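Shared between the two complexes below is chain A, which pairs with chain B and chain C, respectively.
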Partner chain A sequence: MNELVGKPVDRVDGRLKVTGTANYSAEYYPKNVAYGVIVESTIAKGRIKNIDITTAGKAPGVINIMTYKNSMNLHFPQSSDPGGGKYAEKDLLPLQNDRIFYGGQAIAVVIAETFEQAEQAAMLVTADYEKDKPVFDLEKNVEKAYKPVAGLGGSQIQMTRGNTEAALQNASVKLEETYTTPVYHHNAMEPHATTAEWNGDQLMIYDATQSVMGSKNLMAAMLGVEPEKVRLVALFIGGGFGSKGFSWPNTVLTAMAAKLVNRPVKLVLKRQQMFTNAGRRTQTIQKISLGTDNTGKLNAIKHATTSESSFVDEFVEPAGVATAMLYSCANADINHSLVRLNKGTPCPTRAPGEAPGTYAIEAAMDELAYKLNMDPIQLRLVNYNEKDEQKNQQFSSKNLKECYQRGADAIGWAQRNPKPGSIREGNYLVGYGMATATYPANRSASTAKAVLFPDGHAEILCGTQDIGTGTYTIMTQVAADALGLPIEKVKVKLGDSSYPKGANSGGSQVSASVGPAIRAAALGAKSKLVKMAIADAGSPLHGQKEETIIADNGQLHLINQPDKGETYSAILNRHGLDKIEVLATTNVSTRQQQEANPAAKTGAEAQAAQESKSNPAVQEDEHTDRKPYSFHSFGAQFVKLRVDAQLGTVHIDKIVSVMDVGKVMNLKTAKNQIMGGAIFGIGMALMEETAYDPNDGRVVTRDLAQYLVPVHADMPEFDIQFIDKPDTIISPIGARGIGEIGITGITAAIVNAIYHATGKRVRNLPVTPDKLL
Partner chain B sequence: MDDLQNQDEKSSGRGSTRREFLTQITVAGAGLSFAPLIVNTETKVPGSQLSVIQPVNVTMVVNGTKQTLTVDSRVTLLDALRDKLMMPGTKKGCDHGQCGACTVLVNGRRINSCLTFAAMCEGDEITTIEGLAHGDGLHPMQAAFVKHDAFQCGYCTPGQICSAVGLVKEGHAKTDTEIRELMSGNICRCGAYQNILEAIKEVQAVKLI
Partner chain C sequence: MEPFKFIRAQDNNNAIAAAAVADAKFIAGGTNIIDLMKLNIEKPHQVVDINALKLDKIETLSNGTIRIGALVKNSDLAYHPNISKNYPVLSEALLSGASAQLRNMASVGGNLLQRTRCPYFYDTSYPCNKREPGSGCSAINGYNRNNAVLGTSDKCIATHPSDMCVAMAALGAIIHVQGAKGMRSIPFADFHLLPGKTPSIETTLKHGELITAVDIPVMSFAVKSHYLKVRDRASYEFALASAAVVLDVQGGRIQHARVALGGVGTKPWRSTVAEKVLTGALNNEQTYRTAAEAALSAAKPYTHNAFKIELAKRTLVRALTTVGGMS
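Then we have the complex of A and B:
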């Protein structure tokens, strides 16, 4: 049988996307739909004295204007599911009172017959404020920092081992430097969009979200309705990168507005509003201290991060967590501090923690290598570890040395002159840089349903979603292999909260979480079919042993006698069945905390749990002993670039990324993911930066002309390679997830290459031309 | 609502004439129906200094079908396509001409439909992403985008494809550097740029369009 997993098959939703027939959340047209536009506060702190909607209310087409005075009361969410509130709640209770905590906070929603009318009326809403002095500059307020207890989902963020201070004092070679990263904004191409329609007490929401289940539960909790009465659909999502992992005020405001006007409402954030009302990556100040002996062996690592949170919530960018396990070192001190600012709450952005964190630690390692007069790869090899020394666990699988070797060969590392500023080509200074990439391999519980139909096709249903990563495609490959069906006979349905609960699209976890559940459900369905054939006197397979029967191309037959068998259709038709359904839950989590409420299983969840008890694929998966292991992906990033000696502009010629991410499910989509991560890293390193007005703390760079992201002309040549060794411990499908690792390390590799080219060490991102002149 | 889930099946496999597309939407949104194509607009803004707003009649040919609309003069071509003709294949990414997601071909030339008022399009021939394919057969650029995996989330894709079709027809992008430069008005945040380049080069090389 020809396995589909691993093959570079075309995306199954490719045709829809290239013909414009994939529908995103603003692209539904309920009858009588009205348009909502958010009005934002023009101050960063204070309270609304008076909000005047008189003129706006009389503007043509206006149906109603929702402010804190006439909006419904929301309920405080208690869920701790990712995307389900708890750490993102207070931002989400918009229009509940007159208080302003950040610039751009929603103060009204204008609802009108057309978008143009709503836009115009929104400009006519005015507010008088009682202004307070906002606190918005991280660097000027570091003395207000406090140490948060835990990170997202209760994760550990304050970690020590050994005695780092003493080890630093005794170190032969020491490096202490501070690295900073600015505020970044995700800027997915699809603005956050919601279409909401009430039908009595039932609510239908189309929402751009990375978690249909989390968003559904959150909406139910906030609106005070039973979760069963809310259905949330996101068949296609125009990118997320973390910003759609949290729900932001726009989603609940749309539902509130629809209730207020008793009509369906569509509300899409303007690009400008995505800079204030849809999360961001926090600014970071990272102090790195490294101490080694004369051979470069690390004996002390300290990584102290100060970042921002808001006055309405707490979010920690865990920049140091990767440092805790990246190198062999007896003494380590990883800590994180937060300063509350009058800005919206930051949130995960592609590789939260690891992206800015690997920039700092990997730039510091480069500096240390030059200080020791060592090759940067050699320094990393001297400190290579085979186990996670912070957790005292071995890695489930680690092939980082091979990544270094292949990357070095592909970029021509050995042939370069290592001396900074030594390679010149005309006006350009040429530099090579490298860094280590890493991201944890996450997995959480997921449920999937497999359905076989008499016409020989199958459907898979799972309440996860494809945010553009290729989930539809690789899950079709997984299911087709498990069911013994050709790819065109399998239809994977995602993005609907009415399906069994799947993982949220965060933490690079979907492949490793949802894949095993889909595989188990599919294998369960196939097994059901085999048992039916064996027990059926009318089947050519009657009385045979299950293990002697294989499935291939929609048929069951004996392994040794391919002509002895029958089609799935024949079996279903003979039994007069219109379908065979199997539910499977793989309740495996690599996180520190299990689900908040594992006991409360009802309906389909309870049925899935029951069916899973007799599903061998689930049982084998759940009984794998994962306790001794730490799960991480690794990689090596190599960069060759040119710096214009006169202008200070940087052009990257080539990026080589060699990734050890377990089994590669689809080479085509996988390469695209890693490239996309690297391109996000180019933005971080060279151009992206959100600027705030130093007088009032409001965002200045509020569009794509002022907030620069990489475009076609910025592109280098890419060489993306994979080790492609399955990690059989994390899951039977062997994949560790690749959505985020691509952005890690790349920023440091670029900055390190700039140093090699110019001899200038820039420690404040982004490296804009002015910093190189 | 179960029919909603069939939307991609029902709409796959064809490059949608408008009639087919509208049919698909009806199927897709069981229980939903069309918003009025023409919305009554008023001409006065009480209590404000804003200028008077006029409804405008405009006739254009969209993907080969003549469309006559009465629109608010402020309606962009982008919003006319998405919200009045209910052809959401053309995407709104920034509404300021900064991202290229809304690129369509007007009389064969690529433009940002968010920077173009519908009222300016009298007599124009508009080609959107929904109008590129013929029946079951994808346009060569669409096929090349699928083959080279020239997208991830797909949101910038209609604009990238329309822009790429326009670029090839313009005929002056010969090298990788030139293609990259002349495609730089179309942002892909997922970062499929390399694959978009490969797709364009393939279509150019075999002179398919």
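Then we have the complex of A and C:
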């Protein structure tokens, strides 16, 4: 049988999407639905003295206006397991009191018959404030920085080895520079959107989320209802990039509003609100110190990051974490500091930590290479490591040298004149740059169900979600291979909290986490079928050995005798079964915190754990010894660009990304992810930046005309390549996840190429024309 | 958006009558006015749709003047053979603006009246003299990277965002309007106003007056012309600085010159001082530089936009170099 995994299979949901028939969370129209619009605070710190809703209340179509005075009391969610869902601002549940911690904080929700009426009435709500002086400028408040204990989910963010200060003092060559990145906003195409409907004490929510399970649990906890009474669905998500990983006020406010007016309510954030009520990537100030001997061998690395947090929660952008394991170096000091500001809480953004972090360390490595008069690739090879020296663990699989080599060949690295400012073409200066890409390979526990039907088709159910990356497609490939069915006979169902618990879409972990569970469930279902046939006197396979039977194209037959066999349908029909169901849980985690024993759980989770005990695929997977290993993906980014010498505009001609991400599940969706990441990187490097008003600390650039993201005309030629060697340690499917690594390293490769072109080193992103004049 | 009455006008008189009420507004392509209405920046209670009016022709008059109907779409104008061949500066300016979809909707009349992109103008929670006279200017001491350096006042420093208008300023276009009291013609330079003390009054157009056409007078040497736009991304973005240049070079000397700047002025910025430097001077880089210095000599920087002064000079030098080098 031809394996589907690895093939550039078209998206199984492609047709639905291009014909507009894939339903997103704002596209449900329950009977009698009302529309909610959030009203935001226009100060960054203080108290609401008075909120005037009289005019708004009389506006046409208004049903009710929810403020802290008439909203229901919410419960603070207890932070549970890391995959269990996180409310973005633990100390600020929406509309609970009069306090204002940041500009744009929700102060009311207007609920009206139509969206337009709600929108208009929202503009008529006015508030009087007792204003306080906000702190909002990171650079001006660095003296207020403190060192947080841990990062997200208890992850390690303060790390040292050896004696870095002494090593720096003794270094023959030293580099010490500060790199900054501005605030970035995710700006997914689909804004945060929720439709909520109560049915007695049952709550149905359609929510744009990267975690149907987490979001469901949170809603239950905050609203004070049993988790079983809440069902949360997100069949299609129009991108998240981290902003939909945590739960923001919009979801719970929709449920609260629906309760208040006793009708279904739909609430969609306006684009402007995506800049205030849905997270952001924090500004970073990163100080890098590197020390080497005369040959370029690193003996000291220091990466000190200062970033923003809020007064209502703590989020650390772990920019230095990748630096801890990236190169061989005996002495390292990786630390992170936070300054609390009157801004909303930052949150993960595509490659949180690694994206800004690899910019700083890889730009610094480039500077160091020039200082040492060494080729930037050579410097990296001199400091190449085969193990994670911080954790003292071997990498599960690392083929970075091959990435450098292939990337260098594809861009024409060796042919370039390495001298900065040396290549001129008309008005342009041409430059080449490179950088290392890296992202951890994460995996967490997942459960899936496989169901075979007598008509010969199968369904897979898993409570993970496809945030637009292609999860539906890849999982269909995995399941079809395991079940021996053609792709069109397999329907993968995701995005529903009533399904078995799948992983959240964060940390590029879905393929590696959910894939093995789906594979195990599917193999389990096939094996059940095989056993039935063997035991059945009416089957041509009666009495055969399991290992002599293979499944192919909806049939079981003997390996050596393809004509001896029968269809799945025949077996099910003869047994009078309307389906065969198998649950499988793969309780594997590469994170610091292992999932609690799933067998101790209740309901479907417990059943899945029970069934998994006799599932060889699960057993083999769970018994793989992963303790000696550190799991990371790597890659090399190469850029060729032109800079207009007088006007300072940058035109990227070519990007080469060579990625070592384990097994490539689907070449098409994989390229898509790497290209998308690179485009994000172009934005970071050249144009994206959220500006705040220097007087009152509120966001000024609040739409896609003010906040620039790259457009078609900015696109270079892309050459995306994969090493495609399965990582058999992380999982039996061999994939390490691919959603975030594409954005790492690329920003540094671009600024390094700008330096090569012009001889100008810009250390504060984005590199807009004014910085190159 | 406030509720409004929608009227579809059938002819000019019809439209002018309907627009006479105090809070009426015309709508053409709708690419600017609708955004502004959604955000409660413009709040007309009567919207007069003029798209049925017969103002969508591009004609060449007997004296060679090109008359462009106010409803001609930006894309149709840009690709009109007479324009793209004889007035490339206008064609290039139009095509550098917005996106293909927007240009297919945007009209010439609407483009003349498009409003600033100052971020504070767009956010009704901030004071803004242009939006709400007397409330103050949030940009002067606020985030002003994209604001103007020429023609500013202590009441407003908003940039005029149009590209088309910069080319038209250079070409000395004439705007024809029709109102309750009849028709009149306004030279381009007199159409847009500096902010002064009243930044909310942006043009000399009177309330209810309809723009019917724009004339491009004959300028044989405009074949050698160019529009250069510098911005933060390659497309779909307003100018940080732009330059429209027309040069008539004979025997190594510049006989006639037209220069206008965009992205830096509070109105489409025709630079007669630069033109003076250029006219009669040698066609060389030294001249271009002197002209660029002159064009920006009155510029006033604010906290985040000082770079625009140097950038505008370089943009102008580059545009002059391009046109001056055309054979």
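As a working rule, the second predicted complex is superposed on the first by the 757 of 773 C-alpha atoms of A that agree within 3 Å, B and C clash if a C-alpha of one lies under 4 Å from a C-alpha of the other, contacts with A are read in each partner's own complex, and residues count from 1 in each chain.
Just so it is clear, a residue touches a chain if its C-beta (ideal position, glycine included) is under 8 Å from a C-beta of that chain, and two chains touch if they have at least 3 such contacts.
These numbers were taken from a predicted model, which means no experiment stands behind them.
Participant: Look at A:V711 in the shared chain and tell me whether it touches chain B only, chain C only, both, or neither; answer first, second, both or neither.
Facilitator: The answer is both, since A:V711 touches chain B and chain C.
Participant: Is A:T21 in contact with chain B, with chain C, with both, or with neither (first, second, both, neither)?
Facilitator: A:T21 contacts chain B only, not chain C.
Participant: Identify the partner contact of A:D770: answer first if only chain B is touched, second if only chain C is, both if each is, neither if none is.
Facilitator: second
Participant: As a test of reading the superposition: which chain, chain B or chain C, is in touch with more residues of chain A?
Facilitator: Comparing chain B with chain C, the partner touching more chain A residues is B.
Participant: Is A:P60 touching the first partner chain B, the second partner chain C, both, or neither of them?
Facilitator: A:P60: touches chain B and chain C.
Participant: Could you look at A:V451 and tell me whether it touches chain B, chain C, both or neither (first, second, both, neither)?
Facilitator: neither
Participant: Applying the touch criterion given at the start, work out whether A:V233 contacts chain B, chain C, both or neither, answering first, second, both or neither.
Facilitator: The first partner, chain B, only.
Participant: Could you say whether A:M687 touches chain B, chain C, both of them, or neither, answering first, second, both or neither?
Facilitator: Touch partner of A:M687: chain C, not chain B.
Participant: Going by the contact rule set out at the top, does A:Q120 touch chain B (first), chain C (second), both, or neither?
Facilitator: Both: A:Q120 reaches chain B and chain C.
Participant: Could you tell me which stretches of chain A are touched by chain B in one complex and by chain C in the other?
Facilitator: Common interface on chain A, chain B vs chain C: 60, 116, 120, 703, 705, 710-713.
Participant: Name, in rising order, each residue of chain A that touches chain C in their complex.
Facilitator: 42, 60, 116, 119-120, 123, 272, 427, 646-649, 651, 686-687, 691-695, 698, 700-703, 705-706, 708, 710-714, 768-770, 773
Participant: In the complex, go through chain A and note every residue touching chain B.
Facilitator: 10-11, 13-24, 26-33, 54-55, 58-61, 113-117, 120, 124, 187-191, 204, 231, 233, 235-239, 241, 268, 270-271, 467-470, 491, 493, 496, 498, 668-669, 671-673, 675-680, 703-705, 709-713, 715, 718
Participant: With touch defined as at the start, can you tell me which chain C residues reach chain A in the complex?
Facilitator: Of all residues in chain C, those touching chain A are 1-3, 40, 117, 119-120, 122-126, 138, 141-143, 145, 230-238, 240, 303, 307-308, 310-311, 314-315, 317-318.
Participant: For chain B, which residues count as touching chain A in their complex?
Facilitator: Checking each residue of chain B against chain A gives 1, 4-5, 7-9, 11-16, 21, 24-25, 28-29, 32-35, 39, 41-42, 44-48, 50, 53, 72, 74-75, 79, 82-83, 86-96, 98-99, 101, 128-130, 132-133, 138, 142-143, 145-147, 149, 151-158, 161, 177, 179-181, 183-197.
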